[in-house]
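Below, chain A partners chain B and then partners chain C, in two separate complexes.
The block that comes next holds the complex of A and B.
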C-alpha cells in the first residue's frame, strides 16, 4: 500500500502547463536565422583575409600555369569582383537553396557535402552515444564507491583517457587490433567492391566503424565520467534522496531513478556542446582512419582555399548546431518538470 | 492511451544505443581475411594521396590526377627510362628536316570505352585542347599552327617554328587523348565526364566514392590482347602517413608512388619480406631541390653574398639529412639521369668552405657584429614536399655558422604561392623545379627573364635577367639538331653555375613502395604514372 507521500516515478497526476515546449521551439527559430546569417557573413569576411585563393592553389599543384588560364578560371568560379559583390551574390544564391559549385572538385557543393554527411553523423552520434553510456556508468560506479578502491582505480583510468590525445589512442588501437592481431580493418568505412545487404551490410560497416568510434569516444568517456560523478555526489546529499532511502527503496533504485536522473542535466548540456564541436572537429580521427567524413573535407577545403565548399559546410554546421541545441533544450524540459521555458 | 513512463523510455533508449554501438567485436569470427579486397588475385590496390580533384589530366596536372588519368586515357607515345619515344596510340611518326611538320601514323582498330572508334580527329582535338587549358600546354604547343586529321589514321602537326621537345610531350599523363565526340572545346573543363572518364586505356572507370576510393575495371576490348592481366584496379585514398605505412605492412595496400611512406621508414622495410622499393620510373619528372634568391633584394643581388652562401652549404649533408640518402647531389640544374646529353659535368666552383664564406662576407661589407650576427634573411620552404622543409632547416643551421640569421617560414600551399610568387615578400626559398621531360619545358621558366610574372606561380621567382642566358635558352627552344642544342644547354649551365641566381643542390629521388607480388609497373619513364598495361601479379 502506498504511503501518502506520492512517488514521482510516473507522470504527475497534475498535467503540466500546456505548450511548455512550444515557446522553446519558437524562441529557437526566432534566433536561428539571424545566428546563421551572422555566422555566414563573419566567416565570409574572415576567409577573404586568408592569403591565396583556389586558383593559386590549383596552379601551385599543377606546378605552374599561365596568366590566361588563371584568369579564365577566376572568372568561371566567380572570384573576380569585390568582396561586397561576391557576398551579395552568394547570399542571393542561398536564397534559392543553391550552394554553388566547388571549383576544385568540379561538383556541386551540396552533393559533396551530402556524400560525406551520413558518414560523419554516424561516427559522431555513435561515438557520443557510446561515450555517454559508458561514461555515465563509469561515473555511477565512481560515485557509488566514492573514496574507496574502485573509485580510485576508475579515476586513474579516467585521467589516462583524458590526458592521452585522440590520435595517440587511435594509433595504438590500430597497432594492436589491426596490425598485430588482424581482427579489425584500419582504414576506410566499408569493404570496397562488394555489394552487401541487410545484416551483412550492417556487420561490415560496424567492423570498420568500431575503432574510429572507440577512438572518438575515449576522451568524452573521461569527461562524462567525471561530470556524472560530481553531479551525483552533489545530488546524493539532497533531502529527497534521504527521504527515498528512508522510505525503504532499494539502493540501486535510489541511485538510478532518483539520483542519476537529476544528475543528468549537466551531461545533456555538455553532450549538446560536444556534438557541435565534434561535427567539424572529428578531422583527426577521420584522417587517422581514412574515414570519408566532413572533418577531412573541411580541412581540405581550408588548405585549398575552396571557399564555396567551406561556406557550405559552415552553413550546414551552424544549422545543425542550432537544431541540436534546441533538441537538448527540449530534452531538458522533458527531463526536469520544474524548468519553465521563458 | 499508453503512457510511456520515463523509466521504460530510458530503459529502451539505453538498450538501443548499446545495440548500435557495441556488438561488432563480439563477432570476430566474421573478420577472417583482414586484408579485405587486396587479398583477391584480381585486384591491385594502389594508394593515392591526396585525392585527385578530377580524373582527367588535361587541365589539372597535379600528381595524383596524372596517376588516375593515365590508366583510362592514353597518349600518342610512351617513353623508355632514357626518354626514347615508343609507340602507344601512334605506331610510327616522322619529323620533317626543318622540324616544322610532324606526321603520326595512328593505331588502327582502337575503340573508346563506349564502343566508338578512335580516329585522328580525336588526337587533333586533344592536342588543341591541351594548348588551350593545360598549365604547360600554352608553352609546349606555343609554336603549333595547325593540327589536322589527314585521314582516319594520320595526324599532321604544322609548326611556325621548330619545337624539339614536342615529341617528348605526348605521354598519357601529359597530353591525354580525349574522345572528341563527347567533349566540346569551350566547356571541356566542366564536362561531367572528367569525373567518370571514357578513354582507350587498359582500364575502364567503374566507380568513385569521394574521400574513399576509385575503382577501375579491366577493359576487355583493349587493343593489346591479353592485357591487362589485372581484373580490378582499386585506388584507396589514405591521407594519413602512418595509416599508409600500416597498409603496406598488413598487405592491404599493394603499391604506391612518390614516396608514400616516410623516407626514414624505408630501411626498416627489411623486416617485411613481402615489401620492396624502387626509385625507377620517374625519369620524366626529375626534380632538383634548389635554393632560390630574390635578386630584387639588395643583399642578395651581390654576387659575393650568394657565393658565400654557396660555400656554406654541403650537398652531401643535404642528401643524408634532408632526404635520408634518397637524393643525388648535383651542381648543374639539368640532371644527368634524365638528360645525359644535356647535363654539364661541372666542378662546383663554390665548394664547401666555411673560411672562404666568412672572408667573402667580410669583403662584401657585412662584418660580424655583436653576437657574431652579420645579417638576417627569411627563407620560405616549399610545402609540396617534406624534403624541402628539411632542407630549409639545414640551410638555417648551415648559414648560422657564417653569421647569417635565417628565419624559416613554413606555410600551407596557398599562402606559399601568394608569398613567393604574388607578393614576392621573400628573401630566399627552398624549392623544387622539375625539368619534366625537357629542359625547355621544365627549366626555362626559372631562368628566362620573360617568364617573370607575379601572377603566375613557379615562374621566374628570382627575377633573374641575363641577356646571354635568354639568348641561349631561346635558341635551344627551337634548335632541332640535338648536338647543337646540347651545346647551347651546356653553355647556359656554365653561366648559371657561375652566377648562381639559384643554387642547384640535389636531385631528389622518389620511391615506389610495392608488394613483391606485383610486377610490370615500371617499364616506362612514367612508371606507375603511365598506363601500366603490363602490370601483373608475379604468380607464386
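The block that comes next holds the complex of A and C.
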C-alpha cells in the first residue's frame, strides 16, 4: 500500500481549486440512492419471509382474537394485501417521509425513532471520538518507542482489549465503579424524578454516559492503536520524513505534522466503516446499561415482530452510514489536497 | 501489495536460487520462528482438543442443575470453578462452550469465505458490468450495520447453531469480497494468467487453479481475523439471549448471570476470559501469518 504523501510545513499548503467538495457530495448522493433503495427492498423481502406478524403476537398476548378483528387490525396497519402491493404502498408513504405506524407502541415510527436516535448517536459519536483520540495517542506512543518496552507493554494491553468482548469489560466496569466504589450509576441515562438545569444537568448526563461510552470505545481503541502504529511505521520510512529530519525540524514536529498527518488517511477510511459497526454494537452496550437508545428499540421490534418499526430503523441506520461515509470522503479531500473527486 | 507469485499447476516450484521446495515452505519456517504465533497455535490446538473430548473431560449435560446455586470456585470440590445462579457447573459449561464457540466461529467464517471468494473472484476477474453490479451488492451489505443484520436474521428464524452461523457469515462476507476482488484485479493481467489464457485454459480453470492460489496469502490472514470476530459476534448475540437454548455458550453464560455481577463476578470473568483467550489466539496466529506470508514486511525491522 502506497501512502499518499502530504508535506505540510508551509502554513497554507496548496491553493485548492474551487469546487472540489461539491462533486464529491453529488457523486455520493448519486451512488447512495440506489444503495438505500436496494436495502429497503431487501429488508422488506426479508421481513415478509418471516412466519407471523405483529398482529399474531398481539392476539397471542391478549389471549386470543377473532379472525375478523385480526383482519381489521391488519387493514389498519397496512399489513393486508400481497407483498408487491405492500411494498408499493410503503414506498409511496416513504416518498412523503411517512414511515408508517408502529402497532406495538401505537405511535408513528418516525417519532419513535427520532425519540431514541439522539441517545444512540450521542453514545456512538462519543465512543468513536474517545476511541480515535485515545487509540491514535496509544499508536503514536507505540510507534515512537517501536520495539522497546513501552511498545511491548502497550501492544500486550492492546491485544487483550482487542480480544475481550465489550460487554465483559462493561460488566467489570460496573463491578468496579458502581458496585464496589459506588461512584457511577450502572443503569439508565439520567437521574429519574429530578429536574436539573445547566451544569448539574450536564454533569448528571455525563455520569450516566461515562461507563457506556468507555465500554463501547475499548475495542476500537485497540483497533486504532494497531492501525496508527502500523501506518506511522510505514510512513516514517519514506523519503520526505528523512528530508524533514535532515533540515533540522524538531522530532515532535516531524512526528505530528509529517508522519501522523499522512498516517491519518487510512485511519479516517476505517473510521467511516467503523461507524456502522459501532452503531450495531451499541445494541449490546445499551442492553447492558439500560440505555434508552435505538439498539434496544431494535431488539424490542424484533421480539414483537413490529416490522414497520424494524424497517424504519434499518432504513435510518443505513442512511446514517451513507451520510457518515460522505463526511469521511470530504474529510479526506481536506486532509489530502491531491485527491480529486472522481 | 506485491503478491509473491507461486506457480501452481505443479506442486513443486523452482526457487529463484535453484533449490526446489514446496510453496509456502518459507512461510511455514518463518511462522515456526514466531513465538507468539506458536503460542496462538498451541492455544487453538488445546481448544480443539477440549471441544472434541468435551464429553470425556466434563461428563454429563452442562445445562443440568448439578449442585447448590452460586457457589464460588473452591467452595465445593465437586465444582472446581463454582456453580451459576441455576446451579449449573461452571467448569462443565466452559468445556462444552468451547465447542459452540469454535464451531460457530469456524463455520461462520467458512460461509463468508465461500460467499466472499465467489463474489470477489467474479467481480475482480471479469470486471465490467458484473463487477459494478457485484460491487453495488457488496456496498449494500456494508451499509446495513452488520450486527443489526445478524440480530434480524437470527430473530426471524429459530435461533439454532446453523442459523447463527449462516447469519454471521451472511453479514461478514463483504470484507472478503473486497479483498479478493482487489487481488484478482491485480493478478488478472499478470504474465502467468496471460500465458494460461494463451494456452487455451477455461476461465474457471484459470480462476481456480492459477489466480486463486496466488491470492491466498492475504486471504488466509484475513480468515483468521474473521474467525476471531465471528466468535466475538456470537458471544454478543448469546449475551443478548439470542442463542440456541439447547447449547451452552460462553456469551450466554455471561448474559444469564449478569444480575449477579456484584456477588459472583467470577460468572462473568471466567467465560469472558475463555472468549478472550480463544479470540486472542486467532489474532496472534493471524499476525504471525501476516508476517510470514508478506515478504515485504518480513525484511522490515519491528
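Criterion: the second predicted complex is superposed on the first by the 320 of 342 C-alpha atoms of A that agree within 3 Å, B and C clash if a C-alpha of one lies under 4 Å from a C-alpha of the other, contacts with A are read in each partner's own complex, and residues count from 1 in each chain.
The working rule: a contact is a pair of C-beta atoms (placed from the backbone, for glycine too) under 8 Å apart; a residue touches a chain by one contact, two chains touch by 3 or more.
Keep in mind that what you see is a predicted model, and the values were worked out from it rather than measured.
Trainee: Pick one for A:70: touches chain B only (first), chain C only (second), both, or neither.
Mentor: A:70 contacts chain B only, not chain C.
Trainee: Which of the two partners, first being chain B and second being chain C, lies in contact with A:212: first, second, both, or neither?
Mentor: A:212 sits against neither chain B nor chain C.
Trainee: Considering only the touch criterion stated at the top, classify A:310 as touching first (chain B), second (chain C), both, or neither.
Mentor: second
Trainee: Which partner does A:179 contact after superposing on A: first (chain B), second (chain C), both, neither?
Mentor: So A:179 meets both chain B and chain C here.
Trainee: For A:139, using the defined touch cut-off, is the partner it touches chain B, chain C, both, or neither? Pick first, second, both or neither.
Mentor: neither
Trainee: Count the residues of chain A touched by chain B and by chain C, then name the partner with the higher count.
Mentor: B
Trainee: Just chain B (first), just chain C (second), both, or neither: which does A:225 touch?
Mentor: Neither chain B nor chain C is touched by A:225.
Trainee: Applying the touch criterion given at the start, work out whether A:272 contacts chain B, chain C, both or neither, answering first, second, both or neither.
Mentor: Neither partner.
Trainee: Going by the contact rule set out at the top, does A:171 touch chain B (first), chain C (second), both, or neither?
Mentor: A:171 sits against chain B and chain C alike.
Trainee: Have a look at where A:61 lands relative to chain B and chain C in the superposition and call it first, second, both or neither.
Mentor: The answer is first: A:61 touches chain B but not chain C.
Trainee: Report, in rising order, the residues of chain A that make contact with chain B in one complex and with chain C in the other.
Mentor: In chain A, positions 50, 171, 174-175, 179, 287-288, 303 sit in both the chain B and chain C interfaces.
Trainee: Given the complex with chain B, which residues does chain A contribute to the contact?
Mentor: Per the touch definition, chain A meets chain B at residues 9-11, 50-54, 56-70, 73, 76, 104-107, 112, 115-116, 119, 126, 129-130, 132-133, 171, 174-175, 178-179, 182-194, 203, 206-207, 209-210, 213, 257, 261, 287-290, 292-293, 296-297, 300, 303-305, 335.
Trainee: In the complex, go through chain B and note every residue touching chain A.
Mentor: Residues in contact with chain A: 3, 5-7, 10, 14, 17-18, 20-25, 27-28, 30-31, 34, 36-37, 43, 50-51, 53-54, 59-63, 133, 135-136, 138-139, 189-190, 194-195, 209-213, 215, 232, 234, 236-240, 242-243, 246-247, 249-250, 252, 384, 412-419, 422-423, 434, 445, 453, 455-459.
Trainee: Within their complex, state which residues of chain A touch chain C.
Mentor: Going through chain A, the ones touching chain C are 1, 31, 34-36, 38-39, 42-43, 46-47, 49-50, 146-147, 159-160, 162-168, 171-172, 174-175, 179, 233, 273, 276-277, 279-281, 283-284, 287-288, 298-299, 302-303, 310, 313-314, 317-318, 321-322.
Trainee: Which residues, counting only chain C, touch chain A once they are in their complex?
Mentor: 1, 136-137, 139-140, 142-153, 155-156, 228, 232, 235-236, 239-240, 251, 254-255, 258, 261-262, 265, 268-269, 272, 275-277, 279-280, 283-284, 301-302
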